[in-house]
Amino acid sequence: MDLTALTLNCTLKRSPEQSNTEALARVVDNALAEHDVATEMIRVVDHDVKPGVTSDEGDGDEWPAIRERILAADILVIATPTWLGKPSSIAQRVQERMDALLSEQDDVGRPVAYNRVAGVVVTGNEDGAHHVIAEVAQSLIDIGFTVPGQAWTYWNAGPGPGPTYLEADHGREWSATTGRAAAANLVAVAGALKAMPIPPPPT
Amino acid sequence: MDLTALTLNCTLKRSPEQSNTEALARVVDNALAEHDVATEMIRVVDHDVKPGVTSDEGDGDEWPAIRERILAADILVIATPTWLGKPSSIAQRVQERMDALLSEQDDVGRPVAYNRVAGVVVTGNEDGAHHVIAEVAQSLIDIGFTVPGQAWTYWNAGPGPGPTYLEADHGREWSATTGRAAAANLVAVAGALKAMPIPPPPT
Amino acid sequence: MDLTALTLNCTLKRSPEQSNTEALARVVDNALAEHDVATEMIRVVDHDVKPGVTSDEGDGDEWPAIRERILAADILVIATPTWLGKPSSIAQRVQERMDALLSEQDDVGRPVAYNRVAGVVVTGNEDGAHHVIAEVAQSLIDIGFTVPGQAWTYWNAGPGPGPTYLEADHGREWSATTGRAAAANLVAVAGALKAMPIPPPPT
Amino acid sequence: MDLTALTLNCTLKRSPEQSNTEALARVVDNALAEHDVATEMIRVVDHDVKPGVTSDEGDGDEWPAIRERILAADILVIATPTWLGKPSSIAQRVQERMDALLSEQDDVGRPVAYNRVAGVVVTGNEDGAHHVIAEVAQSLIDIGFTVPGQAWTYWNAGPGPGPTYLEADHGREWSATTGRAAAANLVAVAGALKAMPIPPPPT
């Protein structure tokens, strides 16, 4: 089965600055590729994504191109750093812009996000990952994405502020193993929904 | 396809006291039954579920019987009231006790919650439902349940403290329509995962 | 006692578009003024606040001027809309930029946010306010602000998407009364901390 | 100034089982005592605190005695373990029972929790502390407690499941230093509010 995946890296750092979040997201991305998924990664902060909750905020807004990539993918991965225990402002911006998907339907009347799956990757130099996963997963489920069991991974050092993912050794193998399992779960559920999609609502 | 569903009503009120949460959960339960799902509902507070994070805390613990019903169901619905913007202590107790499922595997080495789906029903006399859904969904996903898109419904009156679901008219039709869609999504994804389950991890 | 207050309106809408969040924040702002507090309100989205976690991200960053107004105020109010049950991306941006305050100290060695108080104002066309308050208050407390009891107000219509604060009648008086109480509590605790500040840490 | 403090340890483990949460809470409790605060600690799970949201649920309910100790204290500390990234069911039970304080007033018409301060202590064998602090602080602020800046501490090992506070060395000194600062902040703000209390609402 041909599956495609898009990872939105919601780091605050513009390219070419090194992103810890990208480093951990690459583990999941590589695992998806090993399952023969065609993968793509976008560093959102490199693009001018305007504030707003419509699909096109005009005036140089670069969201429409990202939105198109989301709709081309069977699997969406939101990768975000943790700031003050929360997803980054870039991750929240992405969620806000995806809010418009709530009122869009496919050609048989289903919300456009139905039959797509989503996962979450979180890094941090401090505690917060479970909550970040909760926040992002809730938005994705609201919008219509299915979130498979254990479709996430994270890394941080605790307690208190500490080293970054790329600086540290502590726990990286756990994060990688968990990330590979997340990729397998995303692929399996995406495949099941492609073969047996959620039907259109009764008319 | 033969599917079974279990709803855990996490109200703070013992039977036979009237439960608003049960009333909204019945909307989803009835919709599941219309999809030919065999349904069951347990009011958890009527049972002595001990504090702890093992599958049997001994000494009259009534969790093992509930755990058995969870494992017999393809679809799990957590229904909870909102207190101070959060899931009830009974809902948190249920999540804590399900924590033990994390280390249990089926006979081909998958976490026991894999290939099961879960949804959330929330009532409140005040704001909080989206967060309650986030909290409960995150736990369920952690444990291995798949959460389909829009597999939830809620009701509350806002802002400030107000009437209960059963006392009010405001918004009940929205909650019912949303609940019926949630049931349809739970059934569709449960069916897809039964037909094409997440495979065991590679050995 | 001379007190000053700053409200950061974290709406997604640029001036001169009408902001529901500003409308409710004005209720609190006016109540602060009635307590003889000198007030100021900034619509953050009108300024180019760069992504990052330092006090000056260079290159046209307009955060340094906002940061200066925060440090000039005894009372900080974060006012935000609710999107997907969460604070806006602008509110998260503000929190991220305030993260740098964590490592700044006043001239007697206290974190710069100590002895300042903060409150929260939330509007939404859907449920989420308690969680938004939790998210913002946690960041403010992390950074060193004291959050007085009941130093918040909110408005939304529930359940499901609905009218805006300015369109609706439902519950606006509750939001206003709660907002005036919040202002009184902010003033009282700000005054107490100005008279009897948290002392410097022992050397 | 004579100040009193109450710590509610919300571990799931009954006495005399060893509680990691108690161990870290003792650091804060000892620091409070060094500031001449009269301290008291209750392990809530040792008492039969019934489900409900009134001040006395009858039938052997042991909450009324705990409620009395809360009202006798200037400083309240909620200490809780982290399960699935959340406060324990015992901590949620405590919050639910304190919900009744919302409608109780002192003899000059203020909510009874006004002019009291509160802090949070969190332990976990996995990530979640910032969110636990957010959840508990929001409830306390809702009820009327003032939460001073940085009035919390936490410990966990990250990422993934790991050792307990008492088993590990990693980060314990950070947790202790942070806990002693929390105690100092609680004492300072409690003292300021005792000297200059929030006045009664205008009549």
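We just call them A, B, C and D in the order they show up, numbering each chain from 1.
Just so it is clear, a contact is a pair of C-beta atoms (placed from the backbone, for glycine too) under 8 Å apart; a residue touches a chain by one contact, two chains touch by 3 or more.
All values derive from a computational prediction rather than experimental measurement.
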Option in B-C, C-D or B-D whose residue-number contact pairs overlap A-C by over half: B-D
Pair exhibiting more inter-chain C-beta contacts, B-D or A-B: A-B
Chain whose average C-alpha position is farthest from chain D's own: A
Interchain centroid distance [CA atoms averaged], chain A/chain D, Å: 35
Separation of mean Cα positions, chain D and chain B [Å, integer]: 29
For chain A paired with chain B, centre-to-centre distance based on mean C-alpha positions, whole Å: 25
For chain A, residues that touch 2 or more chains besides their own: 84-85, 130-131, 134-135, 138, 142-143
Residue ranges of chain D touching chain B (in the complex, touch as defined): 12, 14, 45, 51-53, 83-90, 92-93, 95-96, 99, 135, 138-139, 142-143
Residue ranges of chain A touching chain B (in the complex, touch as defined): 111, 113-114, 116, 130-131, 133-135, 137-138, 140-152, 181, 184-185, 188-189, 191-193, 195-199, 201
Partner chain C, residues of chain B touching it in the complex: 84-85, 126-131, 134, 154-160, 171, 174-175, 178
